[in-house]
Amino acid sequence: MKHAVQVDKRTYQVEYEKTAGGLRVWVDGRSYQADASALSGGFFSILVNNRSYDAFVSREKDSFAVVVAGKTMDVDFYDPRSRQPSDESKRSAGVSRQTICAPMAGRIVRFQVMSGDLVQDGQGLIVLEAMKMENELKSQGIGLVREILVAENDVVVPGQHLMVIE
Amino acid sequence: MKHAVQVDKRTYQVEYEKTAGGLRVWVDGRSYQADASALSGGFFSILVNNRSYDAFVSREKDSFAVVVAGKTMDVDFYDPRSRQPSDESKRSAGVSRQTICAPMAGRIVRFQVMSGDLVQDGQGLIVLEAMKMENELKSQGIGLVREILVAENDVVVPGQHLMVIE
Amino acid sequence: MFNKILIANRGEIAIRVMRTCREMGIATVAVFSEADRKSLHVRYADEAYCIGPAPAIESYLDGDAILEVGRRSGVQAIHPGYGFLSENRNFAGKCRQAGLVFIGPSPEVIEQMGNKTVARKTMLANGVPVIPGTTEALEDLEAVRRVCAEIGLPVMLKAAAGGGGKGMRIVTNENDLQDAFSAVRRESYASFADSHILVERYFPDARHIEVQILADEHGNVIHLFERECSIQRRYQKVIEECPSVFVDDDLRDKLTTAAVQAATVVGYTGAGTVEFLVDEAKNFYFLEMNTRIQVEHPVTELVTGIDLVREQLLAAAGKQLSVAQSDVHRNGCAMECRIYAEDPGNDYMPAPGQIRKAVFPQGPGVRVDSGVYEGWDVSLHYDPMIAKISVWARSREEARRRMLRALDECIVFGVKTNLDLHRAILIDETFISGKFDTRFLDRHLAPHPAPDILADLAIIASVCSTLSSSPAREERVATEETGLWRMASKYQFWATRF
Amino acid sequence: MFNKILIANRGEIAIRVMRTCREMGIATVAVFSEADRKSLHVRYADEAYCIGPAPAIESYLDGDAILEVGRRSGVQAIHPGYGFLSENRNFAGKCRQAGLVFIGPSPEVIEQMGNKTVARKTMLANGVPVIPGTTEALEDLEAVRRVCAEIGLPVMLKAAAGGGGKGMRIVTNENDLQDAFSAVRRESYASFADSHILVERYFPDARHIEVQILADEHGNVIHLFERECSIQRRYQKVIEECPSVFVDDDLRDKLTTAAVQAATVVGYTGAGTVEFLVDEAKNFYFLEMNTRIQVEHPVTELVTGIDLVREQLLAAAGKQLSVAQSDVHRNGCAMECRIYAEDPGNDYMPAPGQIRKAVFPQGPGVRVDSGVYEGWDVSLHYDPMIAKISVWARSREEARRRMLRALDECIVFGVKTNLDLHRAILIDETFISGKFDTRFLDRHLAPHPAPDILADLAIIASVCSTLSSSPAREERVATEETGLWRMASKYQFWATRF
């Protein structure tokens, strides 16, 4: 059976079959002989055409996170019936709304924007002091500052919502 | 509550209580302040009167195997009702019967005793070749060779019974 | 020699000190904050005592709590490591009052050298060139403004009590002065409980080169050559080398002579480092003296074979150094990479989390100093250093390639790290040529695009995992852009063979 | 230089060779038996090919299968490591026929030096003293009996093709001759597919001292000083040192001169080791030449700073050695401990099993060469080596204490190890004095009784585990008398301070 597989937003046609030596895999027609050996905790030693790789694989249904050669990749197997990535919620269209969260515990030193400001992609929003360093949290898109959820000198915990941009 | 605890065949009187700083333990009246922190997989960091130790603990009911300071010790908590070590089968009186097992896979090179021989403690019984070396299996007590369960040149697997001595 | 000492620090440097103690038969006492109960320095020590809550100000900076443990545990001396109380004159003084040896110079010398303004004056008085700037610590913006007008922009604002890259700002534009002034004061107060500021001329093309000093109470003052520390991010060193490829014999002679003189005039004892800025024309300026062991001391140990902590202990115990200047030789080249749990792609933001897998490099010429272990949580509260990886080889180029090999063997999984940044630096042409300055990391490092085969590999790995008897972790975990470096080399290294 | 080579070996030595290859930009091809699919050398290599079932005779000793992989993968050379085919003249010859470089001396030299009888004759002809004994390999018992009568007991029976401690028996009593003869023949055949036997005078009080040689095709033959290898069990080295505390400058001069002469007369190329017996009066006898890299080469690398594998590769590629004799200096002292999965309490019986926890030492002066990882199974089929732990320090005593510190940091859990044996050796007065011979380990090492507090600690740990939020492993596992050495030091080290 052919599978449509999405890796980092590109789609590949994948076929595979078990062989005596392990597994034969075709990716967009490129043929690979693979032999995987499970180590522990999601780690694998994989020989692909006799080239040796370590890989880490974690899985949720048909959605995989794979680390190989120092890179993390998302691998999604389409459900053959719906022809859609199986993990739809994750892939819902880019929201225009941006919630700035605290990446670590720290103290809010000051705000670089005010409610109602228009912010540019990459613009500094909040200065957070953590581990004795001041860290600037930046916008990852364009938008208006809709809400500021904390105050200067507040101590915040990791993941805490700090600001909403729309 | 007092507990009778056996460690490597000696019995100790043990009491303990939780305290603010962790645990207070009395062993035969010797008092210890202990603070244990679980690491992973049965490993603990333990501070005993502020001295720092790593320990590995595995448990089956009231019977513990503890590795600390490079030594493995069996720790058995008596059942307070029966006043007997809880793991009785393990502690049954020393059998006079001795079964010689293969400690590793290998090939039987030759026998150094015959059926009916009287063997001394430490006497060589069987020469087993494994990993290219000849290894002598020795008696761990006095007895008569009752049964030889393999033949020369047999390939044996780890744990296979080779000889019975009574 | 001491029988028992307290190490008033945490992480890799606490363990580094304990290693030498074990080799010398000295018992060790660790102190730890509530957040550090499971930390390796607690497990490594002979004894360990909790000294307070997680924030450093309530634990590792609480000199009284530490001294109380020192008394209770019966130690004879306290080793402060680096950071925390290592350059705190008051703490050194309190140790003395408590009858404990502070393993470092006297409180008077810490005052004289640790305080940057006093150090500058001392150097000036002894003919050692210093950077143009204030000789007095300043507290108000107007004074800072005046100095800037005098020496001209760009300037560097620095915490007078600072160190470790904290409390520093470059000002190239007058409009930025006020913000920078406020930020440095805040950071300085948070880190050092002091908000005095220094203003110095900023040299954009300069190198940061420092000289290691050892001195004892018997008048012996020696140097252990220089360290090249120009590869920095946010004023914090990232890669250090010994020797510096930029330093010729003539400059080395001048730098080490100035450093020995600096240490001699103040009556220095123990290990210390004299930091210099060196400009393109090989003019050098005294920057500051660090009156403690440095993070990057392993490169000096690898090249000279001298255990700096051992010499610190000898000096603190009133003994002679075990080596004279004539015994100190340079042998080969060493490099150190500081591996942090941080995100170089996001302004080096610390990346705390649990270390799910940690495999460190081994083999010829590799030294690892680490304070972490698998399953341990990199805390929010302290510097997120995972390990220092150091290598030695006969030449700089062999050391560089050995470091690449060592980084490839390093697997850190569960937190983001700067391993990739180190790889990118080590294969950068400018780094290889040795012609870099302190702004090296401000420039753009050439990206190394992932080879096309990676997506195919990820697909194959996914398929394999579904067919394996031991399947993948059955729960998608938030993997980070890190780990499994062993395999990265196979592409990146070939790409840069020359 | 080669672009790609095959490493015809497994375990730590395969990885050791690959490390240097990576640093030199040479791609690596691993071969593995079916039992070794998960082994670290497979994961470390760039490419890996299965060559057969677990028994070495069907895989790592199958030269044809290995050469087939060599052809298929397009390598230019084959590094044999130690053991297996490393001293196999036929394999070296087949490589040549296949147009591949065998990284080692020529088949002719292997024949001349690898074959002990030819080597003896060559040495005798060149005035190098040899041990009294047969100059011909023997196959029948009667011939052996005659030689024994001639040179007198005790004698050593050795596999003529032997090495690595296999196929050796001391005979002190004529009645034991027949059994020893049969055993050596069997072991020799199993290991080397050859059942010829040598008989040599046995020197009970002698030391085993060897000299490291490097030679290239351009006529350069140099030595890298000696290694002290007298600490042996079952004729296998356990701890090695460089330099030997027993060797003075005069003896060193004689040994190294004889070794260089031995290598020169046969036209040796690559790395090799000339082994000598040295008696109490400092008379020395040529024992054999190992025409390959040795297990214990790291101590020489630590003291000289020279990467022996790199020099092997240079020599095999027809290049000059990177160093001349005048570049080779001794710097400090190094020691290596071989950590095995074995049971010293039961005649060093191999102890295979799964490594459930493996933490190796770090920090100053420590080098680890290991071929294992957590979760990996130590196989029944091969030497159960876990790691080589090597240390460097300025003096032997500092190295000894550093090694104790390193062993304390070493946690191996799941299999029995000889870590405790190493500790016992390192704190033994005779070892410390340096006045030991090859029978050192036959004598009784003083036992170090466990301190009384251990039982109390075990009870406390049990109680703690029941009250912990993360309880003990809830299934009693067969723990071994091993692991958690970090803590052992706290008693054993103090007990032996002096």
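Labels for the chains are A, B, C and D, by order of writing; each one numbers its residues from 1.
To be clear about the criterion, contacts are C-beta pairs under 8 Å (C-beta built on N, C-alpha and C of every residue); 3 or more make two chains touch, one makes a residue touch a chain.
Keep in mind that what you see is a predicted model, and the values were worked out from it rather than measured.
Asks: Count how many hops through touching chains it takes, at the least, to reach chain B starting from chain A.
Replies: So the least number of steps between the two chains is 2.
Asks: Please indicate which chain is farthest from chain D, where distance is taken between mean Cα coordinates of the chains.
Replies: Between chain D and every other chain, the largest centroid distance is to A.
Asks: State, to the nearest whole Å, the distance from the C-alpha centre of chain B to the C-alpha centre of chain D.
Replies: Spacing between the chain centres: roughly 32 Å.
Asks: Cα centroid separation between chain B and chain C, in whole Å?
Replies: A distance of 48 Å separates the two centres.
Asks: What is the distance in Å between the mean C-alpha positions of chain C and chain D?
Replies: Spacing between the chain centres: roughly 38 Å.
Asks: Could you list the positions in chain A whose residues touch two or more of the other chains?
Replies: Within chain A, residues 37, 40, 51, 54 contact more than one other chain.
Asks: Which positions in chain D are in touch with at least two other chains?
Replies: Correct list: 43-44, 46, 486, 490.
Asks: Touching chain A in the complex: which residues of chain D?
Replies: So the residues of chain D touching chain A come out as 30, 37-38, 42-49, 73, 374-375.
Asks: Could you pull out which chain A residues touch chain D in their complex?
Replies: Of all residues in chain A, those touching chain D are 35, 37, 39-40, 45, 47, 50-52, 54.
Asks: Going by the contact rule set out above, which residues of chain C touch chain D in the complex?
Replies: Touch residues, chain C against chain D: 15-16, 19-20, 22-25, 27, 43-44, 46, 298, 301, 305-307, 331-332, 359-360, 362-370, 373, 392-394, 398, 401-402, 404-405, 408, 486, 489-490, 493-494, 497.
Asks: Write out the stretch or stretches of chain C touching chain A in their complex.
Replies: It is residues 166, 183, 186-187, 190-191, 234, 346-347, 349-350, 352, 356-357, 380-384, 411, 413, 419-420, 450-451, 454-477, 479-488, 490-491 of chain C that touch chain A.
Asks: For the complex, which residues does chain B have touching chain D?
Replies: Interface residues on chain B, with respect to chain D: 5, 7-8, 10, 12, 14, 16, 18, 23, 25, 27, 30, 32, 34, 36-38, 40-44, 46, 48, 51, 53-60, 63-73, 75, 77, 103-106, 109, 129-136, 158.
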